[in-house]
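What follows is a set of structures to go through.
There are two complexes below, and they share subunit A, which is joined by subunit B in the first and by subunit C in the second.
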Partner chain A sequence: MDMQPKKVGVLSCSGEAEAEGTICRNAVRLVMEKYRPDVVTTLCLPLYLAGDTGEREFAKKFPVISVDGCGKLCARRATEKYSGTVQDAIDLRALLEEWGVTEKLSRSHPGELEDKLAERLAAEIVKRIDAIIEDGKIVER
Partner chain B sequence: MAKKVYVIPCSGIGKAAASVGREAMYRVVEELRPEVADTLCLSLLVMGDEEALEKIRKNYCISVDGCGKDCARKNIELSGGRLASSRRVHDVLKKHRDLQPEGVRDIGENGRKLAGLLADELAAEVDAATGGGE
Partner chain C sequence: MGNEKYAILPCNGMDKEAGALARETALRLSARQAGEIVCPVLYHRSAKKYGKLLESSPLLVIDGCRTACASNLAKESGARITRRLNITDYLKGRGIKPGKSLELSTELLDETHRILEELLETDSEEGKAAIAADFTAPLEYETFTQDKYIFRVPRQGFLFNENDCWARVDGTRARIGISDFVQNSASDFLFFEPPQVGAAIEQFGEAGSLESTKTALDIISPFSGTVVAVNAELAEAPETINGDPYEKGWAVELELADFEGERELLMDCPSYLGYLKKKVEREFHKKERE
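This part shows the complex of A and B:
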């Protein structure tokens, strides 16, 4: 990163096939819309392969937090493959284990539990964004 | 004949239309054509997961994109998938301009109606790809 970035990049996996993927996507939107709208930027992950307007500069331009639904870690690995290292990485399935969540979750019909987990994950992402800011890795405005 | 049709939306994080595509896909794979239609995470193609690549090369795929960047279609093509057809949510929206989806996290009532219409079209394309129908 040549110039000090102004934003933190938060990149969710698409996660269509997994309930955790839907939660990740919703949590990242929550952070962007509600909790840290001014400091977060994102990217549609498939643009790493399909895009043609400098999407692969993403991790070079911003400190990136990857947010993945499961241990396949698509957002993290795709970022590392095409763009650069990630600053921090979240694997929601591992987090759910830590949190002791054992209920079956829905990918297509998120209800009260999935919404709560999206909020909890959003809070975790915010914590990590704030740590990056505290480390002085972005220019505060 | 291919055994399955993978309906793969782009799931774009910035566009409500992408959420409509995702919702339409769920209706097809879980309600309308659960026996023959399935999905997989598009991100697996982006990072080159071998198992996912094999699935899209051995079966048919239908891409559903939320904007003109056509990420689902391009990722499937670049990964060597067998694309049976490709759709954009906007093609359906053009025919039903009153059904503007609300937001990315909640597409609202109109978005759900739009997803239903798109799902019907996708189910017909699944049938065309498999030579079947209901």
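This part shows the complex of A and C:
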């Protein structure tokens, strides 16, 4: 049984409105299930917004990375509204620009490109998690 | 309903297996019907984004578990839910207990086919009659205190009129009752005179009456509609309203006639709370002067 504490929260865009959002949620699942399962707790954004005290308290006590699909920044703004500042924030559209990705992405029929971007984003999230751990910010606030 | 495309608002599926199945079911239904998915978060943040879609399409909400985040966010944003599906309840009926993993097992993926078949079959057979209103979700309250009195107002899902009567809306139905303020002012209720089931009620019309040790009053309906049920428990124990005015103390259930047109004349929790505070302060100052 996994007894290690999971101490970095990742709050992802729900991913139902835009292709970039779907990539975010897929990337966060990769991080949670494959790359950093012992460190990451994924917070559920609708549950968080619906007023769940467990999710909101966690985000108050532990560092949180928000992962947003577009400039509406639903995940980041929700965290800031209910739990305080985010430790780090990712806006995938800004990253895509930085990465030079200009192709049109599909939400309903994701293919190889969307899968690759989810992997690349997952790697970026992992990098930021590791930086938080190295900085020693993983301890309870 | 059978031939209409749904707008589908699903659970996000990032917390439990049942949620992941809710989302998967939504995606498959969307692909099958070419229906639109409504993002629960974006809708909560900016309801206008889906305004046209929800004017023209019935809204199906698929919740993963009984926390019912998708339903709650939809209601909080003012959505009129046409149909609701709760995956945990569905699975319970099939003798399946969902777990915590977000990776769906083959067994659960197979369930999506059954869920969709049942959903669409029920649509074509029963249409809107298949919609079951659910008024059992637990409530959270805002409170404020004046002297020895504590007044409670439910945070979500309720609309109020200036007569201090409330409506708890779910889909095309609403339960009607009186607020904590009225029960505090009226003291112990002794009699409840309900309207006839089947009666048509106008907005701000009378939906039954109450008599307490101090006063007699009419329940002023926040919405128009047809009475489909009355709370039989109140005939035996009208004091239930004093103990629990917002849940067990509901008075009348209506099939709504014009939700969209009439809700503009009502107050949500923050508006009603502000209105109530002023009213209570006025009442107390008046008593002090007397």
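Just so we're on the same page, the second predicted complex is superposed on the first by the 129 of 141 C-alpha atoms of A that agree within 3 Å, B and C clash if a C-alpha of one lies under 4 Å from a C-alpha of the other, contacts with A are read in each partner's own complex, and residues count from 1 in each chain.
Assume contacts are C-beta pairs under 8 Å (C-beta built on N, C-alpha and C of every residue); 3 or more make two chains touch, one makes a residue touch a chain.
These figures come from a predicted structure and were not determined experimentally.
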{"item": "Subunit C versus subunit B on the shared subunit A, clash or fit after superposition", "value": "clash"}
{"item": "First, second, both or neither for A:Thr41, with subunit B first and subunit C second", "value": "neither"}
{"item": "First (subunit B), second (subunit C), both or neither touched by A:Ser12", "value": "both"}
{"item": "First, second, both or neither for A:Lys81, with subunit B first and subunit C second", "value": "first"}
{"item": "Touched partner set for A:Asn26, first subunit B, second subunit C, both or neither", "value": "first"}
{"item": "On subunit A, the residue positions that both subunit B and subunit C contact, one per complex", "value": "12-17, 21, 25, 28-29, 33, 42-47, 49-51, 72, 74-75, 77-78, 108"}
{"item": "Touch list for subunit A against partner subunit B, complex", "value": "12-18, 21, 25-26, 28-30, 33, 42-51, 69, 72, 74-75, 77-78, 81, 107-108"}
{"item": "Residues of subunit A that touch subunit C when the two form their complex", "value": "12-17, 21, 25, 28-29, 33, 42-47, 49-52, 72, 74-75, 77-78, 108"}
{"item": "Residues of subunit B touching subunit A in the complex", "value": "8-14, 18, 22-23, 25-26, 30, 39-49, 69-72, 74-75, 78, 104-105"}
{"item": "Residues of subunit C defined as touching subunit A within the complex", "value": "10-12, 14-15, 19, 30-31, 37-42, 44-46, 49, 67, 69-70, 72-73, 102-103, 140, 155"}
